[in-house]
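Can you keep this structure in mind? I'll have questions shortly.
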């Protein structure tokens, strides 16, 4: 059986530097998969290659067996791979509802002539319904008319996920969604992700917050200096000597 | 033929000189203030009018008038910084509109002060270095070449060898973070505006006896300067100088061997081709666009 | 005295082309003061003062149209003077509809479609043939020429005319005319190219003074020693100062200073040219140029016609102006002409002065007849005009 | 609906309240409204072009040439002007949309200058520097109760106002549609938009082509009114005016740029001229630009917004009281 | 008292961000400010380094009043700020970024020494000293921002969430750094979401809640405070 997403010998070179080096891992459908590693290990670069932001120097990105490496970002998105960004990247000047509506771009592709003459009532209603559904899912239903830039930090994070959710993704790539959150908010966010997952959406997660990683992931891949280091469940990874050495350290300050 | 090539080469060196003075000023201002100074051509014009007012009408020695041109236009730059660009720091489109307004004002003031007619400026010197009968470099043009080389070298030294260069780059990239390193962003902005505008004024003042000085003379120079800084890569001083040289040679040679209108089209095509091949110009980096 | 008569002045007064409008308005102001001081214009119903109403068209056809509407329909002017060029086609529908009498400096605006537009002073660029003819007659040793021109609406017809004139005079062109962009400021490359073929004559075409001055300076600095011919040489004293008296000696062009004694001659129709020149220079020192007197001379023509007609009704004035196919041109009686080139005989053509710089001062050397030249060489002119798409039927 | 009827009635009455030359200004103003409104559509995607006025010129040239040479019916020519302008934009989008921001700004300027140089250089068929004269006017016709005489500014105003109103309606529909939203998304966060499946290049091009098409229609309207066009009618100075209208008016609402166009045109063409400030006009206009941007950084629209918001609040209060 | 903030109020436009905040930083101590999102921690730090104008209140540094001064003047007094969001200079190389941190310093030899120091602490920065800062990974940029602040040889270091985006091993390293520079006599103001870490390091702590000062006290006391444990430590 093919996995939902598989990277095969994925490699990215910047000049003389090999940021990602023949990396291999598989993400199974319906799971939350963690990708961890020291700073500069190549996690964001891997995300960028999967999502089409970079074209890999070598290797393949297989989505349900189809190689999507090198496709432009919007094409990758249309195949069901949707990413969110480090920091809260949102349409700050648009309202929350409008943000979510942009997210419905793929399921309800706008049509110019229909839009002018108003023949797209169904599509618009459908898009709005989906957008509201996404907002409700992430507890944002009440703030739909506010500008995204005015939202609190936590709400902005939730909105970022709602935008992704609205586009009916098969798999979402989340890059450090927990940064800048206090333990309370982290817990809330973890709840949201579990909901996403139970909604049938696969998650690939990069994070340095071990509370979140260990609490969420079914499977964790650890990389270091661009290379595969270890893989396994949270318990396994937590106690993996190489991972402790390269990444976790004494974990004196980590929950 | 050799002579024609040599003379054309000399013509091109001169053109490269004044174009690069103007273009470098424009880049400096864009780099630090983040606005496109549409009034840059009019600063050039203002420099020329200083020479009209002092040298042509009041018989102040030419080089003193040129220095005055540099300083006066530099001060205009400071005025723009204080009155327009500082209040509009977070509003690049606003800065653009303000510079357009300033352009109109400068033009109108020139018309009111001096009339629309071309101004007369007595020649500074009529001496010519004659390499041969057909290869001649007028001293007045040599002044421009020397001034460009000297001023650009000084600027280069100033930027690379003094802390100001750091300050300039840092405040261009992130003014707030620059302030946190102890850099006075306002001072940096003032210096950049003074130098940027002053260079335009210097170019205008020096070339004033060689061109027809009128209130609308800024237009063609700014069009050229725009092309040049785009080809060079916005924000890159080296790029601006290199592109000035390339543009001046291409334009001058095409003018001499074909004609002036073809030269304009060639210049623009050159720019489009550079941009198609490298959308950020020769020296530009992708993220500053 | 009766009601004041208003004359529209519809030309660029601001912007880059304003040098073609503003000095003309200044000249007209002086002209009007002089006429009004003598009581004004004498019509059937008595004397009337004259007043100019100006509208700045910024050399934009749309604004010119607005201006024409305002002048005619709101200010009630009796005659509208324009620079013409780009702005005329915008005004043309207004002229056709209102029947207002218009004048232009540029006869290339003429066409049979509009019967109320006249080009009564500067029959640009046809008059330049006189300079070439005079040069060929008086300096037969000059055999070869080169030419440059700005690539615009004035440059091209005049290129065609000079080519015809040189061919008629048996002077050989050594190179195709060199066209440059009107925005050019550095003329060294242009001059280098011109001089590369060692010509006897350098022809500057109808360059504006913004071009003539730097080109001459460059010719001087790049060591040219031959003959220069140009349509205009406004502010030639400055050119002399920028080059040298010797260099400019013998420079030929077509626009006299109005203190020239030759303008006191009986056949000249510009009243007290010398006095006008003095007054103009007093008020606008250093601003005298071709444009300064041309609009005023059109007014003089109009005034004579209006007085003859006894009214300012445009139709009547035009009829009086053109009575017998003759008109009172500034430089003497002339004929209404132009059918072949412009499709209509609305250009006033007669003698035109050939001016030469002698000992640092412009002097009229001769008045040469344009119609005579045309009778002999008209086919050449038409050939080149056709080549440069300048015939009225070619104008799109 | 009622409000639109009132506006229509006012527009109908408007020319009769004006002097002849003001009627002329009104015609040009109407056309310019379409120019800024179409420009706004492009700026929705965050790109500021300096070639918009040249594209408008492409429409003008196309319509003028088609009606002149092949005798195309003028209204069809106007539509074709829009089509040709749109197609030109489509061709230009290939090189131009490799650039962004400042590069696009100057790149579009260069592309425009090349087009203008081509007009100047090729007397056949573009007429060279003199451009095209004697462009066919709109053929007069009668609708029973009103005789359209297109020499009269009033008639042409009614005609162009109808055309412009239709165009504005379409532009407005687009802006308020999911497509308009996508344009804004492309502007504010192009990466996030892309991650939502938006084809950036396609949407940028779409906005450019639509905006250019309407600019082309505006150009054609202008050409058939004045009867002449030349390369200088579409030079960067005109562009600068469009740019200042759009920015001084404001960039956050549909009506902002239109407001800027109306207010600045009235100030420049009517008020300053009436004050007899013929020759100091550029000076005062420049001052107005600077002061308005300094004191209204969010544009004229911000005043309107303040006003309407106050109204909203006022109308809310009684409900709160309940 | 090295740094003293008295009754500070700061507004963003019309919106009040912090109200009547007083914070004292004694010489040689580590002080932490904790609080939820939007509590006003960043705002407080920005007020200290002069990046935001005060609505009211006073700030004294070594007895001199510094509020109202331009930020670059305040920095010259010896205040270094690791800003939220890193704010590195994207087009400069790593080394250039670090040297910009020493912009005001004249003691060349010591600057070189400090540079070596930073490179030793963050070998990754040394390895990449010629790389354009923008292309560094998120965590690498954070290291760079901290290194840059250290390069100014400050008297007091304001750190806004220094552990953000860093791998657990590096977070430990940061803790070590803070302890070490503190041992050298530097004062530190630490803003952290990772309250466990912050309270462990700090001598004294302030708790902000939606712009108001909710609690303050010695760090060890707050660590045992019920409310703090529930709200910020996730216990």
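Just so it is clear, A, B, C, D and E label the chains in written order, and each chain counts residues from 1 on its own.
FYI, a contact is a pair of C-beta atoms (placed from the backbone, for glycine too) under 8 Å apart; a residue touches a chain by one contact, two chains touch by 3 or more.
According to UniProt, the chain labels map to these proteins: A, E = ABC transporter ATP-binding protein; B, D = Branched-chain amino acid ABC transporter permease.
Small disclaimer: the values here were computed from a predicted structure and weren't measured.
Minimum number of contact steps separating subunit A from subunit C: 2.
Listed here as common contacts of subunit A and subunit B: D, E. Path length between subunit B and subunit D in the touching-chain graph (shortest route): 1.
Of all chains, the one whose CA centroid is most distant from that of subunit B is A.
Placing every chain at the mean of its C-alpha atoms, the farthest one from subunit D is found to be E.
With centres set at the average Cα position, the gap from subunit B to subunit C is 36 Å. Distance from the subunit A centre to the subunit D centre is 42 Å, each centre being the mean of its Cα atoms.
Subunit E has its Cα centroid 76 Å from the Cα centroid of subunit C. Each chain gets a centre from the mean of its Cα atoms; for subunit B and subunit E, those two points are 43 Å apart.
With touch defined as above, subunit E holds no residue shared between interfaces to two or more other chains.
Within subunit C, residues 14, 151 each touch two or more of the remaining chains.
Residue positions of subunit B touching 2 or more other chains, listed in rising order: 111, 223, 261, 264.
Those chain pairs judged to touch are A-D, A-E, B-C, B-D, B-E, C-D. Put simply, subunit B touches subunit C in their complex at residues 4, 7-8, 11-12, 14-15, 111, 115-118, 120, 122-123, 126, 128, 130, 133-134, 136, 138, 141, 209-212, 214, 216-217, 219-221, 223, 251-253, 255-257, 259-261, 263-264. Listed in rising order, the residues of subunit D touching subunit B in the complex are 48, 95, 98-107, 109-111, 113-114, 117-118, 120-121, 236, 240, 243-244, 247-248, 251, 279-280, 282-283, 285-290, 293-294, 297.
Residues 14-16, 18-19, 22-23, 151, 178-181, 183-186, 188-190, 192-193, 195-196, 209-211, 213-214, 217, 220-223, 235, 238, 241-244, 286-287, 289 of subunit C are the ones touching subunit B in the complex. On the subunit D side of its complex with subunit A, the touching residues are 170, 173-174, 177-179, 181-182, 184-185, 188-189, 191-200, 206, 210. Those residues of subunit E whose C-beta lies close enough to touch subunit A in the complex are 36-38, 85, 124, 131, 135-140, 142-143, 161, 163-172, 175, 193-197, 200, 231-234.
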